[in-house]
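What follows is a single structure, written as structure tokens, with notes after it.
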Amino acid sequence: MNMNPAAPTAIGPQIVMLFAALMLVLQLLLVVQKMLLTNIRLFALQSLMLTVIAAVIAWYYNATHVYIVAVLTLIGKVIFLPWLLNRIVRRIRIVEEIEPLLNAPTSMLICGGLTLLGYIVARPFTTLEKLGNNTLAIAIALLLTGFFLMINRRKAISQVLALLTIENGVMLAAVALTTYGMPLVVELGIFFDVMVAVMVLGILVYRIRESFASMDTSKLSQLKG
Amino acid sequence: MNPNPIAILLQTALLLLLAPLITGCIRSWKARLQNRRGPRIGQPYFDLRKFLRKDMVISEHASWVFSAAPYVVFITALLVGLMVPMVTTQAPLSLFGGILAVVGLLALGRFFLALGGLDPGSAFGGMGSSREMTIAAIAEPALMLAIFTVAITVGSTDLSHMVAAAQQPGWNLFNPTHLMAFAALFIVLLAETGRVPIDNPATHLELTMIHEAMLLEYSGRYLALMEWGASIKQLVLMAILANIFLPVGLATDGSAAMLGLGLAVFLGKILLLSAAVVLVETVNAKLRLFRVPDLLSAAFVLAAMALLSTFLFK
Amino acid sequence: MVLLTPILLIPLATALLCLLVRSQRVMGWLNPLAFAATLALGIRLLHEVLARNVVTEGNEFFYADALSAWMVLLISTVSLGSTLYAGRYFRRDLAAGTVTAGRVKEFFVLTPLFAAGMFLVVLVNNLGVMWFALEATALSSVLLVALYNRKTSLEAAWKYVMLGSLGLALALFGTVFTYAAAINQNGPGHLPSFNWSHFMAVAGQLDQRMIKLAFVFVLVGYGTKAGLAPMHTWLPDAHSEAPSPTSAMLSGVSLKVAIYALLRFHILTTQCLGTGYSRTLLLGFGLFSMFLAAPFILVQSNLKRMLAYSSLEHIGLICTGIGLNTPVTIFGALLHMGYHALTKPVLFFAAGNIHQTFHTMKLRVIGPGVVKVLPVTVLFMGLAAAAAAGLPPFGLFYSELTVLSGGFAAGRTFISFLILTALVAAFCGILKQLTRILPGTPKVVRANDAAVWDNVPAMGLLVGGLLVFSAWIPLPLLQLLHQAAEIIGGKP
């Protein structure tokens, strides 16, 4: 019995697949890691992977506008956003997550299951012979595990991080799935959106902290019905 | 495959002689990193010689299990070592099922180790055995899944075939599947050899020891066999990690030049892995016991994902 | 003449001006003026679209067909009413000390930004930029919801921004997948344009499985922003905690703008697949929303939350009408959009007046007999409530009837019965709640602070418009609606 993996032998797709898988592994680490500052660093690392993927795609397919995407991701998600989030965390002076809803082993198993689900959803699309067949699975897996992260965590900053990892998943899909990237105007729009969104979220988080003296979002439960 | 007696002898000698050296290297480098002078690299050899010479003191409550355990541990470790390709692409021995035999023998060794801890009836021994079994419960599936991943990719459970397949062109070194399996196996390596962050090999405090607890009652010749067996197991697991995931420089025939080259490359890879282990040990603190399943389940999920991706990456 | 760009630039310029201006009065007049101007431009656009079918500008970057023109009219009207109301409303709040001058300025700067975002959504051709515009509206409205900075406001704003961003992230996935469905057709190095008009033209060549997957993501994503159940949980909180003019804009028009975005994808999906895939999904979500809203209206204890659930009901009806996909039901749904946009803001304005007089939103505390305290407000509220409940002679009755009759005529009897049941339940709910507070004698005699004639212009404008248009729809408007219905339902 001979089972051959149809691994493309070109170096570009290989590197892209590798880094995409690393993004997923980092996402899993985010799920179990409890120190907020480390989580921010993990997110920065994940965005760095995304930058490398974008750069490789730009180089391999001669799609020069994707270089701009890579640079923007580097400046925005690897440098600026982590700095901003760090500032918020330090201002609020809460550095560790409280016990999440599910403990670490259970979380890991659920994330494994969600990854499997992502792969299953992406299966019918693997016949599209492009760079993107496996990154679609990983993008959906990032989305699902990001959801889980949002539900499992109670601190507001962790939920913001979860949202940002979902955005990373979308960017992965946008850059890798669509082979030559999306039109520049769209990428720019998405980029600036994410920046502004995090700033708005930062303002809100600060106001919540001032008002509730805590970032525990389970305390935000007055409005019901 | 007809076992070649010379190859078996040579590999046995390699295992016996190299294993304490690796232990010594790790201990010495760890000390250096921690700004101490530390023991000399050859210290384990002297320790083994010392133990072999000394008298044994055996608890009056111990049974034949206590006496048998060191031998079982030592021999299973050796057997497993003979099944792993180290210097050449063809391992000297190939028992039923390749990988399955490896896992089974390792499990047998661990089983008897735990029994040996329980047998004399001391409190520390029993405690160490139960902790060891807890860790094994999660570490073993991770080990199996990670190795099966490679087996599925290659299409055979024979370690020699795996190594041979890996040397062909078209083999994707950067395959994320293999990287995930490697990461999982590395964590399992730490678990099986009782290294920080799972177990501290240098402690004798009740709160913190696992492997040492099971060895506490042993002395003299039995202790020598136990320690040696543990070192050999460590070397073997490192060899699996090194040769399956980075199978470069393995000798394909029996010529002296190739063997020499193979040995040198093998030594290099093992020392590199040892350095990685030392780094991990120094940088991390030992995990509290109920946190260890967290780490091991991470390894398990990584291995599971690696296995899944072999099916779904097609 | 250049139409579309000014419609966008006017609110943006207003926001900038309000940032620089200090005087409250000036800000309070600048905003309504701007929206009156966009309304005029919108009417002009209506005529242009009737004449030329489609108006494009900026090398097809901006694209306005009948559907867009209809939305422009709605957005302008509701924004006009809200900003007219807001001036006096915030003056009272400032006097009472519930807001600071800085926050009022924030309102007058963010609201035109909010409206500009909505205009961009309906006027732009590029699907990716459409997403960006929706996100812009979401972000500007978040700070508006949190304006009062109470604990409950912050909670509502947090839920709103989290769920909204999540929904938009999903919608972005869907958008990316839609784009990915088109790239097979082109050689390396050539990026297809992401314009909706272009996609409609090549719809037959798009990858069908990808489009299906994309539509599901877009439905859940934009559906969250539109408040479709079960993704609606942010809606009652956000709409009740925001200041009343913002609630009016949120309920009155921003939900519909999200539906518009959804509709663009629905049209594309139907064109590509040729089956009832997308409209079945829309129908399902619409019905579910209607049925979910009805019991909550009945048991509600907070006035503005009840109004928010009523919005949920109406949005459900609009989606159901579109999901039934006959020309009659689609026409009814579009008509319903318009009438609802005229009605719901009035209810929120009245609620705002009540809140400022009674300092609470709890129906139990407001108690019976509001009519004695705020007679003019109650007059308008009563009219609007009757309209919202679906009573004749108001337009909402006619649009609901249109959808129902279209459903029965098309043979979808069971679904039409379901719609009828939900409508009746909502009708009972609204009437029950409002008869609890409006008529009767007040238990506690309150001093009549000179607030009786407050905000009559704003409410009067909208109610007047409602009455007028209920009786008579001008011919161009009818033609526009028919054109828009055709766009959604495909050429019959």
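Letters A, B and C name the chains as they come in the text, with residue numbers starting at 1 for each one.
Note that contacts are C-beta pairs under 8 Å (C-beta built on N, C-alpha and C of every residue); 3 or more make two chains touch, one makes a residue touch a chain.
Just so you know, these numbers come straight off a predicted model, no measurement behind them.
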{"item": "Co-neighbours of subunit C and subunit B - touch as defined", "value": "A"}
{"item": "Chain closest to the assembly centre - both centres taken as Cα means", "value": "A"}
{"item": "Where subunit B and subunit C are represented by their mean Cα positions, the distance between them in whole Å", "value": "66"}
{"item": "Between subunit C and subunit A, distance of the C-alpha-averaged centres to the nearest whole Å", "value": "31"}
{"item": "Centre distance in Å when subunit A and subunit B are each reduced to the mean of their C-alpha atoms", "value": "36"}
{"item": "Of all residues in subunit B, those that touch subunit A in their complex", "value": "152-153, 155, 170, 172, 174-177, 179-180, 183, 293-294, 297-298, 300-302, 304-305, 308-310, 312-314"}
{"item": "Subunit A-facing residues of subunit C, complex", "value": "126, 128-129, 131-132, 135-136, 139, 142-143, 146, 149-152, 154-159, 161-162, 165-166, 169-170, 172-173, 176-177, 179-180, 183-184, 188-189, 191, 193-194, 207, 209-210, 213, 236-237, 240-241, 296, 299-301, 305"}
{"item": "Residues of subunit A defined as touching subunit C within the complex", "value": "61-63, 121, 124-125, 128, 132, 139, 143, 147, 150, 156, 159, 163, 166-167, 169-170, 173-174, 177-183, 185-186, 189-190, 192-193, 196-197, 200-201, 203-204, 207-208, 211-212, 217, 220-223, 225"}
{"item": "Residues on subunit A engaged by subunit B in the complex (per definition of touch)", "value": "1-3, 5-7, 9, 14-15, 17-18, 20-22, 24-25, 28-29, 32, 103-105, 108-109, 111-112, 115-116, 119-120, 123, 126, 134, 137"}
